[in-house]
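Note that the chains take the letters A, B, C, D, E, F, G and H in the order they are written out, and that residue 1 is the start of every chain.
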Amino acid sequence: MLFGQGDKIVLIGDSITDCDRGRPIGEAGNGGAGHGYVELVDAFLQSGYPERKLRVVNVGSSGHTVRDLQARWQTDVIDQKPDWLTIMIGTNDVWRQFDRPMLPELHVRIDEYERTLEELVVQTKPLVKGIVLMTPFFVEACREDRMRMEMDRYGAVVRAIAERNGTLFVDTQTTFDRVLEHIYSAQLTWDRVHPNKAGHMILARALLDAVEFDYSKRA
Amino acid sequence: MLFGQGDKIVLIGDSITDCDRGRPIGEAGNGGAGHGYVELVDAFLQSGYPERKLRVVNVGSSGHTVRDLQARWQTDVIDQKPDWLTIMIGTNDVWRQFDRPMLPELHVRIDEYERTLEELVVQTKPLVKGIVLMTPFFVEACREDRMRMEMDRYGAVVRAIAERNGTLFVDTQTTFDRVLEHIYSAQLTWDRVHPNKAGHMILARALLDAVEFDYSKRA
Amino acid sequence: MLFGQGDKIVLIGDSITDCDRGRPIGEAGNGGAGHGYVELVDAFLQSGYPERKLRVVNVGSSGHTVRDLQARWQTDVIDQKPDWLTIMIGTNDVWRQFDRPMLPELHVRIDEYERTLEELVVQTKPLVKGIVLMTPFFVEACREDRMRMEMDRYGAVVRAIAERNGTLFVDTQTTFDRVLEHIYSAQLTWDRVHPNKAGHMILARALLDAVEFDYSKRA
Amino acid sequence: MLFGQGDKIVLIGDSITDCDRGRPIGEAGNGGAGHGYVELVDAFLQSGYPERKLRVVNVGSSGHTVRDLQARWQTDVIDQKPDWLTIMIGTNDVWRQFDRPMLPELHVRIDEYERTLEELVVQTKPLVKGIVLMTPFFVEACREDRMRMEMDRYGAVVRAIAERNGTLFVDTQTTFDRVLEHIYSAQLTWDRVHPNKAGHMILARALLDAVEFDYSKRA
Amino acid sequence: MLFGQGDKIVLIGDSITDCDRGRPIGEAGNGGAGHGYVELVDAFLQSGYPERKLRVVNVGSSGHTVRDLQARWQTDVIDQKPDWLTIMIGTNDVWRQFDRPMLPELHVRIDEYERTLEELVVQTKPLVKGIVLMTPFFVEACREDRMRMEMDRYGAVVRAIAERNGTLFVDTQTTFDRVLEHIYSAQLTWDRVHPNKAGHMILARALLDAVEFDYSKRA
Amino acid sequence: MLFGQGDKIVLIGDSITDCDRGRPIGEAGNGGAGHGYVELVDAFLQSGYPERKLRVVNVGSSGHTVRDLQARWQTDVIDQKPDWLTIMIGTNDVWRQFDRPMLPELHVRIDEYERTLEELVVQTKPLVKGIVLMTPFFVEACREDRMRMEMDRYGAVVRAIAERNGTLFVDTQTTFDRVLEHIYSAQLTWDRVHPNKAGHMILARALLDAVEFDYSKRA
Amino acid sequence: MLFGQGDKIVLIGDSITDCDRGRPIGEAGNGGAGHGYVELVDAFLQSGYPERKLRVVNVGSSGHTVRDLQARWQTDVIDQKPDWLTIMIGTNDVWRQFDRPMLPELHVRIDEYERTLEELVVQTKPLVKGIVLMTPFFVEACREDRMRMEMDRYGAVVRAIAERNGTLFVDTQTTFDRVLEHIYSAQLTWDRVHPNKAGHMILARALLDAVEFDYSKRA
Amino acid sequence: MLFGQGDKIVLIGDSITDCDRGRPIGEAGNGGAGHGYVELVDAFLQSGYPERKLRVVNVGSSGHTVRDLQARWQTDVIDQKPDWLTIMIGTNDVWRQFDRPMLPELHVRIDEYERTLEELVVQTKPLVKGIVLMTPFFVEACREDRMRMEMDRYGAVVRAIAERNGTLFVDTQTTFDRVLEHIYSAQLTWDRVHPNKAGHMILARALLDAVEFDYSKRA
């Protein structure tokens, strides 16, 4: 497993990461992990590798776009001095273009998205042991759905940034698509955006796969 | 306008009708219309035809299927002695098959749906001046979506029952589809099922069209 | 319909406009329209003209007089950069003289009312595509009622300002009077000031008439 | 003062009497007098005639008509074994005809009103030391107001019953009218029905006048 | 009655005056009179002399001593520009010496009490039409009770200040004593300090007597 | 100490015993002791004699008189099968005669008090190892206070019953009187009836003295 | 994995199972799984084997012993018609002997525990595809701790019953012990009984191991 | 008893001292003692020595370590001008090393603990009549428990500081150990840290022993 002794892992994102985490900083060790995939990741790590004393910190914030992340990057990422950083952002960047079309100041178009996300990655990479970039996703099986198509374009941007910068990468959309071959999206989320606990388990395990978590290990 | 002097209009359905109506009976005249299309219909009627003293009664109940309607038909419809009755049911009959596939007792298959709904219409038609049958709908533009396809089948059942029994008919799905040519579904509903106020206005006006409401009339 | 592609419509007023709108600015697109005529107007516009992406903003504030409007005009109107502006004010300017006679600092006499309202109109007209001036109203059928008489004088001031400045004009009092020929005021409001949903529908449709809303259009 | 040593005074009516009294019986001595004229009457009696140990009981119920009073007369009046009884009823009997015209089952027409009220008086008079009949009222200065006119007719019925049965009588409408010569109704009530504390003081003192309360007495 | 057309009456004191009044200033005309004697006084004035448009303002504050009054005298009395001022203070000055003997900083001894109260009276008298000084009281019949004896000494101070400065004076203790000849203190207050509604009626009427309120007047 | 291995001690009384105990039965071992002297007694017993596994049960009920105790004696005392029983009742029997003089059905006069209490003692004594009778009390130093005098008469009744029946006896009034020689009653209770924690400590220790608790014992 | 297509899995136990599950039956598919290991097990199953449509039902109840399970076995187990049943009970059977020693009726001694649990297993085994017996546990590293020793004895009973009846078996105590070699118990539970999320993950994975869940499977 | 006439006793510590005390300063005389041993100590003092007018002040704060105490020493101890000071700190200093091992900034190692605590004692001793140093404790019978062993080391530090500085000393751990010979820890605390009322009684009496409280004294 990539996370080493005493490593501090910071996870940033939007409401899918947030899930009512602790404020101002969501220390998992103080009950602040929230109720989503971050809590599950922490539970896997603490139960599977208790001796490593890993420190998991949730700084997801509901409603945030990459523009909002940039605005709080210093305090919520840099100042936290993470060893590892995971980023899953983009849902709201896309969603607001579809559910709030009359409010253009809320829209983060793909060029701004790419430019901003890459700046954050470039700035932060030298400061940490590793970064995990996770695509945003839309739990919608219909590939011709307009919002799904746009989300896919943002996901492709994340992949490109990961490749250009040599970070770890999680394609959450593909992970969900694999499940959607078997079941209807309503089994995982009521609005095609916010996962239920099974959906968060999918996210947690996709992330753990990327950092080579060993499921066969028993403490 | 079809509703005449002193007519009592009872509207039955699921959560889309309910919208936190008054209990046990949602008398619009006592502030019990709820916050959805029923309230809008009542506001149109009271402001446009105040002298007719129309009585609007909301007996929608969240989560209900046609099976649940049958169980309370005597108290909530027959005993109310309506002059007019509107029925919009079927969303949950279909939805539960997709979001709760492991709970088969919640599923109302299409044959039970058709049989039950027609029984209610046949039983009630002689007792009222008129019935308006409204299709269930799914605010999903992708026609190949599995739940959309199923909802369309249930909608076709409603149309057939309306034709066989000579009731008024509102094709809510088509009404929404016309709007979806211009905008994305997220502008009207967050889960493709429950409309926002604009979505309820669409429903209210589709229903008013069916009963020949005159928009040019000013009290 | 007068509102064009992408227009932003700001509606200012007192509690009849406010109806628990969002703070600090009541963006209808973010669920901040409140529960009165502004919400109905937005629902008509979004359902009837969804492709125009109209932006409706409610900045009504309960208890306000024209004096209060002036104090927040820069932030709540000018800074919002509206394309269209509607103003319905005066109820509290009059009411406080009748229900709080011992608190003279709350009274806005007719000369201050006229001077202030006209200043706001003159200042704002060059900045917008159009202004709709709506009279205040009192849902009281008795023309000799002292408060009704005073409200009529304030309404006449609004008409005069609309004519002098070439704005659109809505005579809400006359609209209500027409309904009062058929029904008693208690059917529309419990205190002769705050309308129920039917009363708000009357206001919404009077406003939509002024901007030439087409009821026959279906999206 | 007419109330004698240890007398029990029961006051029945609608919301104007109720004012959030104690349940099931509003014992003033246990803090159940409510916050309206009954509480004021009790405060006058306990402070002015403390040695008489008068027992004041509020059995007003919000929304009630004379028909509702009849339904609970046995438990709420007869079973209480009052020495004195005051009755102020009729507001809702009239009001529902004006604000809920489409709900005829809520209307108590004047003939039913007269018949029922007189039955209650005739039945109860032999059981008590005295009855005080108070008219319903409408704090509306305009005598041509349709609801005011109807309320006046009901008030005349109360006066006639009082005269026919030899009970004490309080013309609350005339008492309010005298005040309305000086001030506008909004100073006393926000809906012309429910008085503020000054309005309740008017009621309390009108009732105390009828039972010959001596204001000059100091305990 | 001493209060004249348009007079503003400010009442200051401790919890017995406060009774959950409005903040920051308890305007009776805006529903801020609280639920004690101030509300009763206002109800008497508005119902008995509605045409005088008297403005009643409650600035009592729970727990306050004369030392606390001095600290807020400028904002809560002088800045209010009263025509009339009533002061009832001293309960807590005495009480804290008995229930919190270990907290000496809460005790206001009689010399500080006298000096401070007189300073406030001397400073304010030229600014107003009249001042009413009310003694503090203790609803305790036993004259040898230690706290009663101390309260009597403070009451004597108030009388002396009233005489030296020519203000109106209300001996609340004597008023209560007169009632205690007939009843036990528990009928008026549960802790011998805070009156129930009958106790507040005693206070209100004692104050109204001092300003020559005419009970026989009917508006 | 009189309580032996595994003994169950039931304490019955009014609000002074109750103090928000658990319902239906206040098992101290389950956190149901309430916040008064019962909790203190339990804390003394569990910390001083932990090895005895004493079971303390609070069945005090706010507002109760000896008449109320009799009504629930079977379920709340007999059915509990206590080894020891303590009874402190009478406060409300007396108090209601003074604070609710107009509600005679709430008064328990001294003859009924004596007869009822003695019946309960006679009936229960054979079933238990011991009974502790505690007098009611009134924290009022003035011996001429009317309610104090009456409470003393009731206390004398308790003493007489204890002597006639050979039970243990606690004269709580005398215990409080000893403290009142040093301090004013307000230091112990705000209404002369309900003790603060220091007052409950006085009660707890008086009771422990009666059962020969050994303060020098350390577990 | 042992659970097959459409299987219904019922999990019964105490507060460690309950975790605020839905009432009366905790359907995981309706959001009633609670927040403990049951929710995790369901999330693993739904995300790993979505196509099997497994139905997970939580009928744990806080505070219950095996005696309480027996009392509700018919409604909560038999009537649910499970395909699989898991049982983890015994914590409270032991705990009450240590924290409530004075309340013997709450203690379930080991012979009653063994007899009752085996009866339930014998009765139910023929009705289901499989039973998983899980030991109770105490997250206490000190083997000489009195409560730990007793819990170990109860755990041995569970193992014996599993062997005699040929059920699946999970030794939760050993699983926790393995983790306690690395960390202190306070990292997993604040009271050595109720696990945090990491502790529940340990339980969930121990249970999943027993039913041969395949971690390498991706839907 | 060591506390003399009018002495002010300040008690500082962590959650065991705090117990929801008043803020910002927990004046026992104002109901701010909290619900733990401080409240019991105050109740003993006020009931046993009421004439001394002792002032008890609780400045415990939940979660605090000696490092936190140092940060607020000036305002919460020095500025309070105590005559006597008691200190019980160290639980969290130790606990965080065991339950939050991944959050090193929360750990107060034994050298920092000793240095800081001694600085506070040295600085404060000249300013007060006496200091009582109380050890932290862990209600864990197993001496080999890792956290118990560490807590014992911190307790030894407290003893050493007490001896070096000539303060009073309470060995709370030994006091609890004596009880644990008879009962299991769960009878006194649910998490081995926070005592129930019996546990607080043990603490209160240990502290009172140190200041030579006379249990035989009756006020």
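Methods note: contacts are C-beta pairs under 8 Å (C-beta built on N, C-alpha and C of every residue); 3 or more make two chains touch, one makes a residue touch a chain.
Computed from a predicted structure; not experimentally measured.
Asker: Out of curiosity, which chains are bumping into both chain D and chain G?
Answerer: Chains in contact with chain D as well as chain G: B, F.
Asker: Starting at chain E, find the fewest moves between touching chains needed to arrive at chain G.
Answerer: Each step joins two touching chains, and the minimum needed here is 2.
Asker: Chain E and chain C are one sequence twice: same or different residues at the contact, by the over-half rule?
Answerer: different
Asker: Counting only Cα atoms for the centres, state how far chain B is from chain H in Å.
Answerer: From the centre of chain B to the centre of chain H is 67 Å.
Asker: Would you kindly tell me how far, in whole Å, the mean C-alpha position of chain H lies from that of chain C?
Answerer: Distance between chain centres, rounded to whole Å: 65 Å.
Asker: I'd like the Å distance between the centres of chain D and chain F, where a centre is the mean of that chain's Cα atoms.
Answerer: Those two chain centres are 46 Å apart.
Asker: For chain H, which residues are shared contacts with two or more other chains?
Answerer: Touching at least two other chains: 101, 183, 187.
Asker: Could you classify the connectivity of these chains, where an edge means two chains touch, as line, ring, star, complete or other?
Answerer: Basically it's none of the tidy shapes, so other.
Asker: Sort out which chains touch which and give me every pair.
Answerer: Here the touching pairs of chains are A-B, A-C, A-G, A-H, B-C, B-D, B-G, C-D, C-E, D-E, D-F, E-F, E-H, F-G, F-H, G-H.
Asker: Looking at the complex, which residues from chain A come into contact with chain B?
Answerer: Spelled out, the residues of chain A in touch with chain B are 95, 98-99, 101, 141-142, 144-147, 183-184, 186-187, 190-192.
Asker: Could you please specify the touching residues of chain G with respect to chain A in the complex?
Answerer: Within the complex, chain G touches chain A at residues 31, 33, 39-40, 42-44, 46-47, 50-51, 175, 178-179, 181-183, 187, 196-202, 205, 215-216, 218-219.
Asker: In their shared complex, at which residues does chain A touch chain C?
Answerer: 100-103
Asker: Within their complex, state which residues of chain G touch chain B.
Answerer: Chain G reaches chain B through residues 6, 27, 29-30, 53-55.
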